[in-house]
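Both of the next two complexes hold subunit A, though its partner changes from subunit B to subunit C.
Right after this comes the complex of A and B.
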C-alpha cells in the first residue's frame, strides 16, 4: 500500500521518547495546554505572540512518557516573522541541535475555527502523524456556538479532542491521545492548502460536517472595548490606571516593606549582640543585612509590579494597549506591535527584546530592540524607590495622591518617552523605511485563573529572589571585602569606631577605584562612594542599592536609614555639604533611567540581531544619553531648588 | 481555466483505496456519477487511475487503481470531482435517495448517540418524505432519549431535504427497509463508516 512505506508516518519509538510538537495559531492555548501536560511554567497571556521560543517538557501518559514541545503561534507555515521561523525550523529539524518532531498535535481555538483550519490544512499536508486538540470550547458554547467532535474528526481523518486548556478540562483525553501517539494517522490526502478557493471549499465542507455553529461575538468584550479603545477615553483610562498603580506601590507595598525592614533590623541587633564586633559581625551587619537585605525589602513592590503586568497580560489588555498606542507609536515610525515589546520591557528588557520576534519588519525590529532597554525594568525599581525616598518625603502630597507615587510614575513615563524618541531617531537615520501594515489580533477579554496569575507572578519573583541570593549576594560580598581592606589597623587604632570605618573605606581598594572615577562624575554631583555603587551596579542595577546600604551601615551602624541623608562630601569644593541633595538624586535617577548596565540585555541584543554592532551602539548612545541627561537634570534641579 | 468553488472534503474509508468526497454544499444525490461521470472523471477511469465511482446523497466515492497512490492522484481526482459536481444541476431527492441518506445519517450521526444511551434505533420504512423509525433497548420508553434522537435525525436529514420528517412507529422489524439497524457501539475517534459495500453494490 502506498501510504505505509517503511519509516514514513511511523513513529520511531526506539531509543528515545516520542517527540510531539504543539502547533497552532497564536493565542490558541498551546502554552496553557503545555503547562498542564508537563507541569512546567511556560508563559501564557491573552494576546498573540506570548511564546517566541520553543520549550520542551515531558508529559506522562498511560503508556510511557512523551516529549512535548511548545512552539510560538503561527498563522501559516510560511514564516513572516522570526517567531514563525522558530516553528518551521523545529518542524523541519533545520537546526542542527534539533530533531524534527515525530508527530504533530494541532491546537485549534474552537471559537475561530475557520482560521485555525487553514493552518491545520498545512499541518496535515506535512504528512506526519497528526491529532487535534480543540481549546476554548467553554467560550464557544457560552457564546451560543457548537460543534460535533466526531464529525470533525471524521472530516479531518485524525483524532480530535475537546479541552478547556487553561483549566485542564479534557486533559485526561489529551493524555490518552498522547499515549496512542504511535497510532495517530497520517492524512492520506493532503488538504488543498495552496489554492485559496479550494482551501476555503475544504474548510467550509469540514465545518459543515462538524455541524459547526460559530459563536456570537462577546457582548462584554465589545462593550468594554467601546471605552477602552476610544481614542480619548481609552488613553485616559490607561494613564489613570497606571497612575493609580504607582500610588498603590507606595500605599500598599510600603507598610509591608517596613515590616520586612523591621525583621532585618531585629536580625541586625541579634547579630550584633551574638557576634560581637569582629569582621564576621561587620560582614553580617553591613553586607548581608544592610546590603542584600536592603535589596530584599523591595520584594513587595516587585511582586506588585509583576502582579499588575500579569493581570494586564492575561485579561487581554496588551492588544488594546498596542492598538491605542499605534497612533502615538506611528510618530516614532513604529507600530503598535512594538509597543507590546516595550510594555513587556517593564518587567525586564530581555523578554521585551525577545518579544520583537513577532515583528515582521526587521528594521522596525532593530529599532525596537535598540529602544526597549530604556523602558523602566524591574531592576531599576529598587533604585528608584531608594532614591525617591531620599528625595521626596513620604508625607508629601499631590492633592489626594502620594507625591512619591507620582514621582515613580514620572520615572516610568520618562523611560517610555525616551524609548519612543530614540526609536524615532533610529527610524529616521539608520533604519529608514520598512513600514508594513500593522496587524494585531484583538482577543476577547478573559478572566484570568488564580493559578495562571500565581504562576505568572511566582516565576519572576523567584528569579528576583535567586538573583538576590546569587549575583547580588556575591557582588555585595566582594564589595564588602574591597571596602574593608586593607584593614589599616595601625592608622585607626586611636579613632572611635565610626571614624575608623570611614577612614578604612576611604582608603580601601574600592575607595581608590571610586576616587579614580570621581572626576568623571563630579559634574553630576556624585562623590566617590556613589561612584563605587555606580561601578558595582554594572553587575546588576540592584547592587547600587546594596552598596549604598553597606556605605550607610558603615557610616552609621546605629541608624543606617538616616546615614545616607547625612552623607557629606569628604573633600573638594563642597566638603562638608550633603551628597544626596535634590540635584544629585535627580541626576542619579536619570543616569539609571538611561544607562545600559545590564549584561544579559547586551547578550540578548547580540543574539537577536546576530551582530555585536547593535549592542555596541546601544552601550555608546545610552551612556552619552545617560550622562548628558543626568547633567541637564542636575543643572535644572540646582537652578530650581537654589 | 478557473476551478469552480465546490465545498468538499475527502474522507478515507476502511479500504484506503476508496475515498469519499463529501459535498456538504450539495444536498442532492450523485448516484448517477457511475453511469454518466463528468469528462474529467471519465478520463481518469479511462486512463486507469480510478477503477470505481459511486455516489449518494451529498457524496461521491472514488476507488484508486491497485498500486496507485493518493499522493500523486489526489489533486487531479479532487479537480475532476469538483468539475463533475459543478457541471451537474441539483435535482430533487427521490424516495430512494432519502432512504440512502437516512441510512447514512443513522449510521454516522444517530446510532452512536443511541449507543451512548444504551439503545438501538432502526429505520422501518421510508415513504415520501417521511422516515419511520423504531426504538429499542434503553431508548424505548425513555422520552428524553427519544426526542433527542428523533430531533438529531430529523435536523440532519433536513439539511438535505427540508421536508424530511422522522416519526416513530411501533412497526415490527418485518417491514424494515433495512435489516441492519445499527446499534450500541463504542464511539471511536475515527468512525470510518461501513457503508462502502452497500453504496457500491446499488445500481
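Right after this comes the complex of A and C.
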C-alpha cells in the first residue's frame, strides 16, 4: 500500500501538527465524519475576502493529534466561482493566509462511487499524501451493491477505510488511518483527469478492480418521493410542513419565552429590592438583566427553528421542498434553497441569514442575505400589535375575520413581497456577475442521528449567544445611558415615578438626539418622542414599545396604548393635535416593516459576508426604502381619511 | 439499454428537456455554446458524454427536472436541461418502472 522512500511524507515539524484536509462532494457524510473526529474542538471561519467557510478542529489519534480541516463540499476541484478559486488556492498552497494542507483525506459516498471517482482523480493529481474514506457502506450493501475495499485500495494506490460516518462505525479505523498520516502515499502516476474519455476508462478500471456493483435505487426513497414530489400531494404535504413550522415557532415557543421573561422580570425585582433605588439598581435591573433577558428570550425560537431545519435537512426533505419551491423562487432570481432562509427569517433574520450557508452560489447567498431581513420577523410583532391596536378597533371585522388579524397578515404579506422584489433587484444590479448554474442534488432519505441533530442545532445557537448576545447587551447598556443621562435629580424630586422617567428621558442625550432629527421625520408625522423610540429601537425593534411607554409616562410601559393616544405635538404647525393619527401610524408601521433596526442582524450579516460593505449597503437601501414607502403610506392614508 | 426506432409520428427528444418521466436517454453532447464553467459543473455532477440519464419527474410548473445520473439523483432547471443533447433514447417501457 505504501510505496514511498523513507523521509517522504515526513510532515510533522516542531510546533505544528499535521494538517489533513477533508475533501468530498456534498451529501457524503463528510461533515458528520469531521464532527465525530474533532468533537467540540471544531471552529468555523471564513477564508479572507469571500463568504466561503471552512471548519478546523483537532482529532486525537493513536500517535498524537492531527489538525483536520473540513473543506466546503464540492463536486469538482475546477473552480466555477471566486469562492471556489479560494479553496483550490488553499489546497495548492497559493492562498496567502493558509498553508497548504499536508495530506488529503478524500471522502466518497460509496453509493455514488462512479461519480465521485472524478473528484478523486483530481485529488490524486494534486500530488499530495492521500487516503480515502468510504461512507454509507451499509446503505450500499442494503441496496444490493457491493465492493471490495482492498481491490479499490490497490487500484487507487492509497489506503481506503470503510465507514458509516453518521453512526460512528469505522470511526476508530479512520483515527488509526489519521495516526498513520506520515505514511500516506503520493500517487505515482496521476490519473488522467483532463481527457474525458481517458478519465472514463480509468474510472471503469478502478471500479472493475474493486469489483464494484452499483446499488439499486432506493425503493423507500422512490416510494416516498412519489408522494412528496407529487404535484398535488407534495404541495399539500409541503404546506402542512410549513404550517407546522410556523405553529411550533409561534405557539410552542411563546409559552417558553414568557417563562423566560418571567424569570428575568423576577430577577429584576430581586435586584431592585436588594440594591434599592438609584442608578446601580436601575442599571442592573434594566440594562443588565433586561439586556440578558432580551437575548435569551430569542433562545426558544432559534432552538426550535434550528431543530426543525436540521431534522428536515438530515432526513433529506429540504431538497424536496426546494424542488417544489424553485419555480416560484426563480422569479426573484433566487433558487429553491433560499426559501429556508426566508422562512427562518419570519422568526428572526439572524438564523435566516445563517441558514444561507447551504447555498453554493455566493451571489445567491448575498442576495438572500440582503433581502431576508425584510421578512416580518418576530421582533416586529410587538410593534405591529401596538400600532394596529391604535389604528384599528378591536371589534372591527372583515367578513368572518378580525380586521386586526387581517392587518397583521397584510404586514406579513408586505414583508414577503418586498423581500422577493429586492432580491430580484439585487440580482439584476449589484450582483450581476458570477452566476452558477442551478443544480440540486436529492439525496436518498436517511434517518438522522440524534447526535448529528444536536450538533447541527448547538453550533449556530452557541454562535448566536456569543456573538450576537454580546452586541445586544452592549447596545442595551449604551442606550440605557443615553436615555437616563444626564440625571435630573433636582428637577424630578417632586414628580412621581412615571412622570420622572418621562422628564428624564425628554431631557436626556437620547432626547436631544430625537429633537435633532425631528425635522427629518416630520413629513412622516413622527414627533421627537417617536424619534427617541426609533433611536432606541435601532438595537432591537421590540425595544420601541417599552421606550415609547417610558416616553409617554405610561403607567404600564409594556402596554402604552392609552398613553400614546393622548400624546400631542408639542410644537410646530400641528401643535396640540394628536400624534398618533392614522397617517402617522401607517407611516410608522411601514417604516418598521422596511428599516434595518437590528444590530444583531447587522452583526450576523457582517459575519456571514465577511465584510462591512454588505451590512452598510443594507442599512442604506433599507432606510431609503423605509422612508420612501412610509411617506407614500402617509400621504395615501392622509388623503383617504381626510 | 434498449435502442428503439421512432415512428415518424413521434418526434425524438433532442435535449434532456424533452425527455419524459420514466424515459432513459444517453447523453451525446453538452452544448459547446454553453459557458465552459457551466459545462464542467454539469460534467462534475455526472452529465457527461456517454452517460445514461433517466428522467424521474418534473416539478409542478415544469422546472426543475429530476434526473438519475451516475447513481445519484440531481435536478436541473429547464434551461440547463436544454443544453444537454441526447443521442439514443428509449421510451418508458410498457411495464411500470420503479
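Here, the second predicted complex is superposed on the first by the 378 of 642 C-alpha atoms of A that agree within 3 Å, B and C clash if a C-alpha of one lies under 4 Å from a C-alpha of the other, contacts with A are read in each partner's own complex, and residues count from 1 in each chain.
Everything below uses one rule, namely that a contact is a pair of C-beta atoms (placed from the backbone, for glycine too) under 8 Å apart; a residue touches a chain by one contact, two chains touch by 3 or more.
This one's a predicted model, so the numbers in the text were calculated from it and none came from an experiment.
J.: With the two complexes overlaid on their shared chain, look at subunit A and say whether subunit B and subunit C clash or fit.
T.: Subunit B and subunit C fit side by side in the superposed model.
J.: Between subunit B (first) and subunit C (second), which does A:570 come into contact with in this model arrangement: first, second, both, or neither?
T.: A:570: touches no partner chain.
J.: Quick one: is A:449 in contact with subunit B, with subunit C, with both, or with neither? Answer first, second, both or neither.
T.: Neither partner.
J.: Between subunit B (first) and subunit C (second), which, if any, makes contact with A:209: first, second, both or neither?
T.: In the superposition, A:209 touches subunit B alone.
J.: Touching A:150, do we find subunit B (first), subunit C (second), both, or neither?
T.: In the superposition, A:150 touches subunit B alone.
J.: With both complexes superposed on chain A, which partner does A:229 reach: first (subunit B), second (subunit C), both or neither?
T.: In the superposition, A:229 contacts subunit C only.
J.: With the two complexes superposed on chain A, say which partner A:200 touches: subunit B (first), subunit C (second), both, or neither.
T.: A:200 sits against subunit B and subunit C alike.
J.: Which partner does A:438 contact after superposing on A: first (subunit B), second (subunit C), both, neither?
T.: The answer is second: A:438 touches subunit C but not subunit B.
J.: Residues of subunit A touched: more by subunit B or subunit C?
T.: Answer, by number of touched residues of subunit A: C.
J.: May I ask you to decide whether A:61 touches subunit B, subunit C, both, or neither, giving the answer as first, second, both or neither?
T.: It touches nothing on subunit B or subunit C.
J.: Could you state the shortest Cα distance, in Å, between subunit B and subunit C after the structures are superposed?
T.: Value for subunit B versus subunit C, nearest C-alpha atoms: 12 Å.
J.: Touching subunit B and also subunit C: which subunit A residues?
T.: Overlap of subunit B and subunit C footprints on subunit A: residues 200.
J.: Help me check something: in the complex, which residues belonging to subunit C touch subunit A?
T.: 35, 37-38, 40-46, 48-50, 56-57, 59-64, 66, 68-77, 80, 98
J.: With touch defined as at the start, can you tell me which subunit B residues reach subunit A in the complex?
T.: 2-3, 5-12, 16, 19, 22-25, 67-71, 74-75, 78, 82, 108-109, 112, 187, 189-193
J.: Touching residues of subunit A toward subunit B in the complex: what are they?
T.: Those residues of subunit A that touch subunit B are 1-3, 148, 150-151, 153-155, 157-161, 185, 188-192, 195, 197-198, 200-202, 204-206, 208-209.
J.: Per the contact definition, I'd like the list of subunit A residues that touch subunit C in the complex.
T.: It comes out as residues 75-76, 78, 80, 111-115, 118-119, 196, 200, 214-215, 217, 219, 222, 225, 229, 231, 234-235, 319, 323-324, 326-327, 330, 336, 436-444.
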